[in-house]
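Got a structure for you, questions after.
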Amino acid sequence: MARPLRTGRLEAFSDGVFAIAITLLVLELSVPTDVRDGLLHAIAEQWPSYLAYVISFAAIGATWLAHTGITHHLRAMDPGLVRLNLLVLLLVSLMPFTTALTAAHIRDEGAERVAVVVFGCNLVLVAAAVSSLWRYALRRGLVDPDLDDEEVRGLTTRLTPGVAGYVGLILLGLALPRLAVFGYLALSLALLVPVGLRGEWPTRPPGSE
Amino acid sequence: MARPLRTGRLEAFSDGVFAIAITLLVLELSVPTDVRDGLLHAIAEQWPSYLAYVISFAAIGATWLAHTGITHHLRAMDPGLVRLNLLVLLLVSLMPFTTALTAAHIRDEGAERVAVVVFGCNLVLVAAAVSSLWRYALRRGLVDPDLDDEEVRGLTTRLTPGVAGYVGLILLGLALPRLAVFGYLALSLALLVPVGLRGEWPTRPPGSE
Amino acid sequence: MARPLRTGRLEAFSDGVFAIAITLLVLELSVPTDVRDGLLHAIAEQWPSYLAYVISFAAIGATWLAHTGITHHLRAMDPGLVRLNLLVLLLVSLMPFTTALTAAHIRDEGAERVAVVVFGCNLVLVAAAVSSLWRYALRRGLVDPDLDDEEVRGLTTRLTPGVAGYVGLILLGLALPRLAVFGYLALSLALLVPVGLRGEWPTRPPGSE
Amino acid sequence: MARPLRTGRLEAFSDGVFAIAITLLVLELSVPTDVRDGLLHAIAEQWPSYLAYVISFAAIGATWLAHTGITHHLRAMDPGLVRLNLLVLLLVSLMPFTTALTAAHIRDEGAERVAVVVFGCNLVLVAAAVSSLWRYALRRGLVDPDLDDEEVRGLTTRLTPGVAGYVGLILLGLALPRLAVFGYLALSLALLVPVGLRGEWPTRPPGSE
């Protein structure tokens, strides 16, 4: 009988894609060449690029964290999970593109609305895909049975605010695109706040496991 | 006596190349700068880029899956296998180039045929190389002997339709290049359909191994 | 009860980001196209790019080494450590950008000062973030208790000169930007000098552990 | 007492750099835009790019293989080994640049000589650095003592022809640059020939260990 698929390579491949997507973001930062008003001024003029960079870095980082939390509790994989995981990676690897799109057009009357909504759609789709990955694993019984109900609920709860929050911000973006971008920033950073501080995953004193 | 080569680094290096090739595809998506007709219109105009992106993402994803299936059943490596694996990686890492070639020329009367055939050749060579890797491992006795005949046939069967399908589509591409591209899309997605649904690898209830 | 988070994926993801950031540096080296005075002369004209490349390669390499030293002694992780680690990675992945900025403007009267200070700030922030990671792990009791006090002090000492040195060089850079860049080179290489040679981590004869 | 450094992260980080460098080569292949004589003709005109691509892919692949062979036999690391390894990675990650340089100038009377010699120097420095890594590990007693003398000599022998061969080809390149490039191709492919076929590492029947 075939050995069950190990989760090791799924984690290694996913870590690779997360690490590359998060690092490729830097290629969208261009070195200013027009420095007539001084390089400092030229760098400051590029604030949309840095803003979009930090949002995407935080969002991919939070997604990697959520993904780690999920695979940490998996005890088996099935073919559907592997494909759903590929969908997560497809959406994550689009982030450098939608980030660049937003940075390029956020000061562009008319185009800013489309760019901000596309960026938000990418963010919400990533969050929704990761959330689906967890729900799929639960439904198919792929999660470690030693995990008690409270912990399952905790992880489920953590994965939800992202989706709801981004949907709200996309709607805001239709009216006030720039404000929505600052909302993306706040939300992606909030999703990174140490969960211990929010009382969901208690930080156990080391050694108490 | 030298220790036998572990498969660990072959997997790690291959995962790295797969992950990078699949993520580099995004660099071929360019941010539209001419937005006189609106950014949404400019994005829609780039459909060949998105189409080629999804095809290549699915094809590399399917190749990674097949590769994982193969190395999962290896119990030893030999020098020939390592070189054959490098050939697989060479062909995979060419995908961002042939993808960009297709996206750039698919609306280009005259050039479209060449681009689509080159793209198809890359896809079929990847599929053929992965299939050869499996046959080589079988022939050299590198596969886990616990794997029963039915499972061996199952994996062999799964690796075959890709090659035959892409050859057919390349021939189609000589006459109807655009249609062939949609064929590549359908085939690369089909190769990703959960195998459990096709009755080849039954999804065992977890814990039944 | 949930299993404690393994350090494995944190290491794998971090190794990925370090490896990509250090390798992406090469994309900032451009192939000279104007070779009227000979290709050798054109290559020599690009010395700022090579200089910045070596500085950043050495700095990222030294950071990876320090990071390896830290995670090697961790016996547990907590949510704060994971976020602090993301901050280290954010700063490391900015290096290709600030490297390119310095290479582009080091011969540019007026802009050179800003470029060199921004580059130095990136270098010092990376060093400070890595140092914070270690202090955080110590303070939260995440470090292997078998590590004796002398070894803890040794690693703490090793992580300090980077921060102090880069701060001094940034101040120098405000007055003499080019000299500061050669200071960055000397310091980043010095941080790579085998620690065994500095009497901090004795090179034990193999097998004596 | 501190635990000895594991070789795991050195391998993971090195695999990352090898995988990225080998995959970044594809970014130097540019999609032809001038297709007045047909796309096939335009692609054929780019032969220097494909030639340089295959050389570098084979050379990095062979280096990765040699590196795997070396770390496979390590039983301990020391600080010097880690730094020497960083030097190997620095030289490997320069390959996409020297590859692009050669592809751009090989048809450029006058510049071709410089490009080909620079490319050759990169190739020989990589081979020499990997060879030094092995000799260093031997001299410092870091190699598994179970490895018998014949096997040590076998690996030492395998690492030598690269250096000598590339030096010869660089000298040839001073006179006949284009011929030397084909020499690089032959040599880098030869270094990949299954060693089993050359009687150095016998391919043991599986299970005989």
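Each chain carries a letter (A, B, C and D) given by its place in the written order, and its residues are counted from 1.
Simple rule for what comes next: a residue touches a chain if its C-beta (ideal position, glycine included) is under 8 Å from a C-beta of that chain, and two chains touch if they have at least 3 such contacts.
Predicted model, so just to flag it, every value in this text is computed and none were measured.
Least-squares overlay of CA atoms from chain A onto chain B yields a rotation of 90° to the nearest 5. Greatest centre-to-centre distance from chain C is found for B, with centres as Cα means.
Although chain C and chain D share one sequence, what matters here is the overlap of their interface residues, and that overlap falls short of half of the numbers used. For the pair chain B and chain D, the distance between mean C-alpha positions equals 26 Å.
Measuring from the averaged C-alpha position of chain B to that of chain C gives a distance of 36 Å.
Taken residue by residue, chain B touches two or more other chains at 12, 16, 19-20, 24, 27, whereas all remaining positions touch fewer. Per the touch definition, chain A reaches chain B in the complex via residues 1-6, 9-10, 12-13, 16-17, 19-21, 24, 27, 75-76, 78-80, 82-83, 86, 89-90, 93-94, 96-97, 100-101, 104-105, 108, 110-111, 114-115, 118, 140-142.
Looking at the complex, you find that chain C touches chain D at residues 11-12, 15-16, 18-20, 22-27, 29, 31, 33, 35, 38-40, 43, 54, 57, 61, 64-65, 68, 71-73, 144, 146-148, 151, 192-197, 201, 203-207, 209.
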